[in-house]
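Here is the structure we will look at, set down as structure tokens.
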């Protein structure tokens, strides 16, 4: 039984261990990840039925990606397979203060970027599902992917699913202008927008009025987004980079009537990739498992995102019990 | 020449590297450890003669445990060997704030849990020794082990040894009630009790009166323990979990007349398993090497415990020189 | 759609790298494996629908086992979960001539060994399936598992499935006598018996008449098995240990009318665990995909078993294309 | 001082350790390699001045390739740098008998494949050099690379360099027909052709008359090549795949007058990539260091190629002393 | 084109991973490093021509050192090679608060320590160069190395190069007295002195007047150095060890007229070896690339030193772009 | 209780994994080993009491060597400790046919090479022991070590011990002439000489009369040794290097009356260092445990030596059971 469907690219992540720079790497750890797949994985682990839709090359790397989704219980039946394509790769170089981490994409021409509208059997894919999630990365992959994103959002709406969209701006994939032009038309079909203040400003030129550290600021951003696009819900995630390996994390949600907030988490980072995806998954889970308790959804999403940082790889391997223990305020003592 | 004898189980610790969750582990680092063996190892490295008594399976894992004790100079001549038994295993999953580390025990039915009274030649084992140390974990392993613990404490007293007991409550091994019922009768034979405020409360229902962060609190706990059980010395160790990987560490000792304190150590944790065992070893060493200078024993135990956190594995591979340099206040600059 | 159902235990395999002896190991590679799961995995990879039935502990190790099955597309919906159980472990020490490899089992009390008849919903489990496979290891786990094996074989027969049984004698699990007494009654419900000459002799006291290297010998063994138990098909696999890391591999099948043979494979071993399971899977695949072409099934099983030795871990990660290339006689040149 | 110039692509090789299949890989060893760079590296290590010409992306992976060439003393001053390009990658899956090793290329659109005629300052590049080497892989990369190869061969001839061409057919890069049509015109500018019997047949449809194992066969192939293209020298390398990890290696050279042969080497393979490149390098070294002693060149090339198989990575890290010891017939005893 | 020449020893660094103590190490990561080579590497990476002069043994370890210099573009043409010598080794044990890291030298009798005056062709070595850098470690290696250092400084001055000298006191190599007696005569030939307050006090008995944390203190030290030795420029680097793995870093420069300061960097340490060398390199680069803009040189050196701590190994693999981004104040967000 | 005493150097062995050449190594596996320590370890594991005598530096590397001896149960009470010394190191580069493995010693000036006569309390050391073993490597370390070897042999004889001497010629430590001059006087005090045909020829200029592969040859060598030096027993070990990683191994013993032979072992090599030491240990064990049954001693030594090759590191971690299984002819099947 499928509750949530997501659409997007997943890649092989290659990262040198021991903080080595890419240039000096002699071996790489491999992980599989990608925004929408990360969401599907987190939801499957929490107990919902999730399906991930994408296109992959019919080669060992494509199968590795499919297998890793399947390992976590994600439905992969509607993946399209390409005979000659390639799997996107991204190289991850871990920094340390004062040197930030860097991602080097090698995803041009990937099978996922060749996805196009008309290829997917949306009615079958969405049958029985309650939620559709996609991010701005999918629209950024190629023109045909942007069209596909629109198609999928429309179809999801048509099939009665709630739709969520994580803005997730990637400057290495497209310009701010193209991102704006491409995505504004999509917003009509989005129920829940998830973004950061920074991405909102870069893509939609919407800023808060206050200073960065001012929480009031985020409220203004959420409200402006709501006013312009008439979403049902706007989620803003807030990351403070104390150092490269210590961050603070928080989130704020606005439903047009009130603001929902939660405590700030202080995080010892193990792997920060996928933090935002975990917020999305946690919010979706919290919402669906309570029939729309936004306050619970914020807390759940915020906690799941915090936990995501403590787990190596793009996937959030937390369990529902992990989140519940954190929500209950169990401390940091070793459990034995 | 044996100065100190300890009795208990040692296990193989299996922990996935790189902060991986157990569920995603593809390989494991192996260490050998166990509370009382850790104490014996630390004492041997400081220059005392130490003997560890236990039961092990006659297989490669049992031998690995014996060898690792021997590598550190611990006398293993009185270990009992079981033909068909198994070595206890524990899996260690490292967390990162806000996710605590977790221990998964797989020790049921271990050879050590089959130890029973009457099997050990205590008179030979204790010959020439000055101190006997055991922890509440041994008593928790099985009914027969609890009886053995009582036998050993009595025999040690009878042979003129000082006895120390680290309360070390493990909720995954027994309930608070059983722990209390089993251990209260043992206290009669204990000279030096080592505990934390938390364990004291869970096992003996003894609380301080103040708040947690209040140092006064620990004094009250120590005093109440002394009043109820008439130990010669009560040691309370104090750990503050600032984050999963940064802790503060301190200790307090009460001998019925005065309180002995020391500075608090700020710790970058490499491996926190065995911190308490190192306090025990350091206290015993400080006491025995000075003919009972409790203040020195506290300082030595406190420093040795702090150093324990910086060394991978259950064993504390510090040397006397390491401790002395720390006591002298040498700083954190690289030594070269 | 499920074509084949298998029932049995899967364990965590821990093996030290670099040919280290267990006693000197400081880390372990982890794999998941177990005879019947290995068969299910190989079949899933070949394109059939396979389901693996077992009992696992509700902890990270249990989940790891389930995930690894799922990663390869095996249906895990009918696994039973135990709150307090443990996952079986086996330690694998790799030898090199003249020292053989050794397995150290630590599986006593595993959740799988607690399986019992009446727990499994066989009618649902077998719905739509065509084949049921189990091995003698399952019956060896415990008395209740032996009863369960009988129940499952009967139910499978009742539901119209072909049943196969891999004799797979494990001297560390039971004596030859118990193995015989327990398994003889099961044979009535077995269509396809898979064994080696050695196991046949140890369990059923059936020997060939010739010398070991004589191929005629294997024919005699197959015939005697057929005569005594009236199977539909008897498969004998033949391994020659030239050295620890070079083996020859072959198989022979007898259907009561004629003998089916194939070429001998010369094998550079990477990991020999699961070779026999791959023969079973390949035979089942060859049989089911051709509606009973035994000659093709032998060739396919023999080739799949040969390939199994070249892949690390218990699972055979070969694809149908790998087998077909081997059957076509493509050589050993690098493919590029 | 530059003696030899080579032109071609170098890639990052990613290969999973421990014989893992690509599909199951969780980490990859990284090496840098490419036919013509391999030749340049081997020559630099033997003491000649070598320069490698190529195009690389201005990113950490491009720099890694340049650095690794530089590490071995290869001149990299004439590499072109591309702002937006990508470094070619190839994934290497190690097999074991009866499963062959496989290469998965991910090199489409690499910076090297964008090289084109007119970009390189050949007169500066060739100044003072005596030999130019290129392989059929360069011509296979793209149409513009094929044109560049022609330009380079002509320019090298014009500058008075000896030219060598390693046919090196790659079926994953182009068809046999295209390979033939593209390369036949290049042959006019080639002095020394290096090939295998198999590639000669696939590209030029030239076969020997005898059976494969017949050495006479190779002589016929060499003679037919000479007759058709009028090279100065034809080199045929001969690999026998006893198993995936044991090969026999030999070479034969024909100069239009006589055949030069050498002993066959029995090889324990550590890494077979680059064996042919090492023959090329050894032949060039032997020829240049003796003013054209072909017999010495064959022996040196043959020995260097044999040694190449014993060294991990694409580069042959042998020294002149290693080759000389082998030529002298020093045995396999450990040197200590 | 060579801009900067440096002279000194480089060693193989062997460090156990995972914070293991040397005594428990079972494997070691290997790096190549040495103060003056580190400076040459950093300068080459920034785009200047750098040459490193030393003596190495003609064996694989000596070649490894040369290769690693070459990999980073450092000119190694004037290295002297010794037939029978040895490469210096240092073992690095990583601590964690409150245990400091420790270096164990095994460099006695190294080839570099056998360097002596008269061996090096300084006129050729310095031809075209603008700067010569050496550290107090070279003078500490042996008496002949101290004489060589004097010769090199004199020759550099004579050839019109700016000379810099990093005081770099190593208590494991010589006493404070010998260090003073040996180095005071060298100071006459030094234009730029680089030191820490601590080393200045130990070698030259010069102290500031204030407390340690007082910045005024450093100014006094710089001024006293200038007054005594009449350098052109004095650089003082300032490290605060908050913990073993968190440091603050800063630098101060005095040219006899004014003090040049910069912001303090808060550093998450990956590898702190070579921080001071990076300051030297950055200062030299900043100075030479601007024709003597000391303020820019301080900022560049300070930033390059901060970055050095984030990169594993002795070499600073930063690029000019890395430094510029840091100087521009780009934050700690992941770049993607 | 000490049965056997050995005297000699032990070193840290550093070897790059994955067949990497030293020059390209980026990490090293560390082992502890040395001929006479290897003998002591093997004997301790077989159940005899063994003591190893040497000199070590008082630093972590010295302690690592002592610990590793202790781990295997070897008595280390009579090791001398040097304040300032160094531990010998040897680098091991693994070859593959046709490239032999190479050892690079870095042992000059080691603490062990500083041993001298008069330092050791031989009477205490030999008390109760039955056998003394030393090899030609000890005499080769330095002049003072050669004198010490003579002293030790004399004292052992005087104390009634059987003495054995493994000729073990190391060309990198001394010339054949020096080896002869130094060792001939020692032979007077040797009861059991252990050598190879090759070493006998190089050191004592004694050759057999036949060809190398002729077994008769070895008998002649043994007889000539006996005739010249009047040993009680001469052991000749025979290694055939089929390839670098496949050897045949055998041994022959002569006691002046008859020749004792055994089967030849075909060996898949994991680590060939210490093969000869294991023969010595096995021979000593076989002899001592049977009161002089030479035939059993040859068989035991031969089998233990064969097993040594299958175990990583210098130490032979076989057990008595391993040897007995091999002597009984148990095959190469996996034990499970």
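Per-chain numbering from 1; labels A, B, C, D, E and F assigned in written order.
The criterion applied here is as follows: contacts are C-beta pairs under 8 Å (C-beta built on N, C-alpha and C of every residue); 3 or more make two chains touch, one makes a residue touch a chain.
Here the structure is a predicted model, which is why all the values come from computation and not from measurement.
Graph distance from subunit C to subunit E, where chains that touch are one step apart, equals 2. More than half of the residue-numbered contact pairs at A-C reappear in one of the options B-C, D-F or B-F, namely B-F.
Chain centres here are Cα averages; for subunit E and subunit F they lie 45 Å apart. Distance between subunit A and subunit F, defined via averaged C-alpha coordinates, is recorded as 62 Å. Shared interface positions of subunit A, defined as residues touching 2 or more other chains, are 21, 23-24, 26, 29, 67. Inter-chain contacts, as defined above, occur between A-B, A-C, A-D, A-E, B-C, B-E, B-F, C-D, C-F, D-E, D-F, E-F.
The part of subunit F that touches subunit D in the complex is made up of residues 18-21, 23-24, 95-103, 105, 170-172, 241, 243-245, 272.
Remark: subunit F residues 67-68, 70-73 touch subunit B in the complex. On the side of subunit A, the complex with subunit D involves touching residues 14, 21-30, 59-61, 63-64, 67, 86, 89, 91, 93, 104, 106, 108-109.
Across the complex, subunit C is touched by residues 17, 29, 265-271, 306-307, 309-313, 317-318, 322, 326, 330-336 of subunit F.
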